[in-house]
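Common to both upcoming complexes is subunit A, partnered first by subunit B, then by subunit C.
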Partner chain A sequence: MSGYLEGVLVLLSINVILAYAAALPLSAGQLNLGIAGFMAIGAYASAFLTNEIALSMWLAIPAGAAAAGVVALAVGLPILRTHGIYLALATFSLGEIIKAVFLNLDVVGGASGYAVFDYAGPMAVWLTAIGVVVFMLILSQTRFFLYLTAIKNDATVADLFGLNTRNLQLAALTLGAVIAGIGGGVYAHHFSFVEAQYFNAHLNIFIVLFVLLGGVQTVYGPLFGALFFTAVPELLRFSDEWRFVLFAALIIIAMAWRSEGVITAKLLRAPWRGKTPEGARP
Partner chain B sequence: MLLELNDLSIRYGRVQAIEALNLTVGEGEIVTVLGSNGAGKSSLLRAILGITPVSAGRIAFDGANITRSATPQRIAGGIALVPEGRRILINQTIRENLLLGATARGAVGDLEPELAAIYDLFPNLAERRDMAASCLSGGEQQMLAIGRALLAKPRLMMLDEPSLGLSPKVVDQIFDLFKRLNADGLSILLVEQNTGKALSVADRGYVLERGRLAVSGSPQELRADERLMRAYLGGGAGGTGGAAPEHAIS
Partner chain C sequence: MAQQLVNGLMLGSIYVLVAVSLTLSIGILNFLNFSIPGLFMLGGVLTWLMIKLGFAWPLAAITALLAVCVAALVVERFTYRWMKGSDPEVPLVSSLGFLILFENLMLVAVGSDQQAFPQVFADFNLRIGGLLLGGPQLISLVLSIVLVVMISWVLRKTRYGRQVRAIAEDPETAGILGIDLQRIVPLVFIASGLLAAIGGVLFAFNYLQVSPFMGEEVGLKGISAMIVGGMGNIWGAIAGGLLIGVTEVFSIYFLGSDFVDIVVYGVLLVLLILRPGGLFGRVEQREKL
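What follows is the complex of A and B.
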């Protein structure tokens, strides 16, 4: 495999992990614009553990993810008092605060960045992404996931069936943060360098766009979104200076054409089930 | 008594939705609550389920005081609500909608036998169990909402305006279903604006007027009641026909 293809697949894998980190809270109706912040916690915490106490990467990355989850749990209750656009703003601010903290934290290099000595090869990154996808496929079949969907679609229904909306929302936020933390840990150990400026607003917006373009209705939407955002800029390399103009135009077209996301539940059901027999209705 | 409300009051800020209401539902009974828009009927059902807090009074279910119990405990105890407007998750499959009903009683493990029982009851739903609920007609959505409530294994099923927006033929079907479920031992508390239909299945009825009990009694007594006729049928014997709008809270 060429080094180029290998690099693109690594990028795709990290984007897939981040897409699911954003998709999980979104399936409960939370637009989390602070995923990069949780990713930063996973990256820095795991790098610190492998660098300073020589912990194995395979323990340090889960520990970093757990740290991201603990932070999400701690800030979850106040943050989840907000809804809709205010929740998006609150998570966005949280992401910026986390970035600023690492920027000023000299123990992990501050503004000059932090070199990571343990190395995760491409295969490790790919397998982690596959693991996250499999986890999400299984999770999407559980009643827990159904409850999140119920909360997103109709808060009254959630009340009627006695769902503990607060705890379920907190679980969605935390699980999303844990996945982002895994992504951060893998990122840090593959690229061997972390700098706080990387986890910025631009990254946060792209992560959410993966999911919104791919679609939140099914578990395959974020996968498609990550693929689109990774592959299309590469495929457009033939037109150097117009590359990002074309890319932006394609995003707009995709979103206008498929406003519910490219991959919808209907799209996945349609081909092999056929249409509803009209005569079956009373 | 299965359900017993004593001097129950519900208020939203300064608005009194229900005032000092006494109501009972006996084991195996169908009881209907009638009243115009804004009479407080939906608030009453929500309070019995514990979604809306009560400001005074007492709710007892099967002899136990549940006035301060949490909603999941009440559902686990055997109370289920089929909400007004059905509240089906139209993007989810029929099966997923049904599964939601089993949630609050804390059901774990294999629910397939219970789902199969619901599919037996509603063959229309069985055929399309893995399709999105948006493919169902209004009547089928109502049946799904009822099936979903049945999966909570209720002893008391509360229904809020189940006939709303349905054709007379479908209304007949679902009211027949209520009678069958009742014959199998399910107690029913039915809130309706379709007075005639509700009284045709009920053992007893209560009429609310702006949160207060106006009349109660057997269907025969209520049908003979001139005030009820005036309020619902647009002018009974000697009535002016102007009573109903007066009661509406705008």
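What follows is the complex of A and C.
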């Protein structure tokens, strides 16, 4: 396999992990614009552990992910007082704060970045991404996921039917942060370098775009979104400086054409199973 | 101290224009229009481009504003019209698509460097007491206030305003009652785009530089201002914009530029936790996203 293709596949894998990190809270109706912040925690924490106490990468990355989860758990209750777009701004602010803290933290290099000495090969990155996808496929078949969908569709009714909406929402936020932390750890150990500026607003917005463009109705949507955002800019390389102009036009066309996300439940429904009942929401 | 407060209010007034522009879009059409930072940038960059081509600055600014009106209509055509019946997060993606589109079009046109904007006004600074007031900045502060007051007057008192408020209440019912949505909605897009573009032009005149990505930083602050003020509330957007401007300038003054983001976003986070519906928003109201 050529080095170029290998690099693109690594990028795709990391984007897939991040897409699911955003998709999980979104399936409970939380628009989390702070994914890059949790990713940063995973990246820096795991890098710190392998660098400073020579922990194996295979322990350090889960530990970093756990650290991201702990932060999410700690800030989750106050942040989840907000809803909708207010929650999006709260998580976005949190992400910016986390980024700015790492930017000023001299233990991990501050603004000049932090070199990571342990190396994760491409195969490790791919396997991690496949692991995350499989995990999400399994999770999407559980009652837990159904509860999240119920909360997304109507939190009040879900509450009335006896779901513990507060804990479930907290779980969705935390689990998303853990996945983002895994993505961060893998990212740090593959590229052997982390710098805080990477985890910026751009990244946050693009991660959410993966999910929204792919579609939130099914578990395959984020996968498609990550693929679109990784592959299309590569395929457009021939167009030089017009590359991102064309890319943006494609995004607009895709959303006008399939306004519920490209991959919808209806699209995946086998033809012999008949039509979706009017008004039904998956 | 007082000088810093003045500087903060000047910076804040730019955020106010962007925040009011966003709040019009979300309050009336329930549409978080992410292309607005792009329209802000178009206002500044196109003015620069026209001046470079040899036009006088008033003509340059007016041409840029007209171009932004057209751009705003294109955005309306490809986002809002398609969103009916879909999840409300969706047009957010296509309006972000337009932001990327505008930025990269300008990147092709002018390159990625910061371009120096010519100083069109001779230095006329006012000194009041010990305070130094930059002429252009003062004009832009006054202009922002006038524009915002005008908009809120139009919304409250005129026939158009009443139609717009009816659409904000319920577009379908408004249509049944004979309001021409096809005519009013594009007007709202133009008004909101113009506000953002005027913000961009003023920014260029004040800070004397433009670049294809100048909208992002200001846009994020504008969005934050709009949300923290309470979405759809014009006075909330004003308060939010000024608050962020002042917080930013003060934290640079007291703590240095390393900690600006921590302070600004920290204040936003705390405010949101204390008042989950924004400063002037109602908490129990169902969110509009």
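Going forward, the second predicted complex is superposed on the first by the 269 of 282 C-alpha atoms of A that agree within 3 Å, B and C clash if a C-alpha of one lies under 4 Å from a C-alpha of the other, contacts with A are read in each partner's own complex, and residues count from 1 in each chain.
Heads up, the rule we're going with is that a residue touches a chain if its C-beta (ideal position, glycine included) is under 8 Å from a C-beta of that chain, and two chains touch if they have at least 3 such contacts.
As the structure is a computational prediction, the values presented were derived from the model and not from experiment.
Contact with subunit C, but none with subunit B, is seen for A:213 once the two complexes are overlaid on the shared chain. Look at A:205: by the touch rule set out above, it reaches subunit C but stays clear of subunit B. Contact comparison for subunit A: of subunit B and subunit C, C touches the greater number of residues. In the superposition on chain A, contact of A:265 is made with subunit B only, not with subunit C.
In the overlay built on the shared chain, the residue A:149 is in contact with subunit B alone; subunit C does not reach it.
In the superposed pair of complexes, A:90 makes contact with subunit C only, with no contact to subunit B.
By the touch criterion defined above, A:241 reaches subunit C but does not reach subunit B. Judged by the touch definition given at the top, the superposed model places A:78 against subunit C, while subunit B stays out of reach. Listed in rising order, the residues of subunit C touching subunit A in the complex are 26, 32, 78-79, 82-83, 85-87, 89-94, 96-98, 100-101, 103-105, 107-108, 216, 220, 223-224, 227-228, 231, 258-262, 265-266, 268-269, 272-273, 276-278, 281, 287-289. Considering their complex, residues 143, 146-147, 149-150, 153-154, 156-157, 159-164, 217, 265-266, 269, 273, 276, 280-282 of subunit A touch subunit B.
By the touch criterion stated above, subunit B contacts subunit A in their complex at residues 49, 51, 70-72, 74-75, 81, 83, 87, 89, 91-92, 96, 99-101, 103-104, 124, 127-128, 131-132, 135-137, 139-140, 152, 169-170, 173.
Those residues of subunit A that touch subunit C in the shared complex are 31, 78-79, 81-86, 88-90, 92-94, 96-97, 99-101, 103-104, 201-202, 205, 209, 212-213, 216, 241-245, 247-249, 251-252, 255-256, 259-261.
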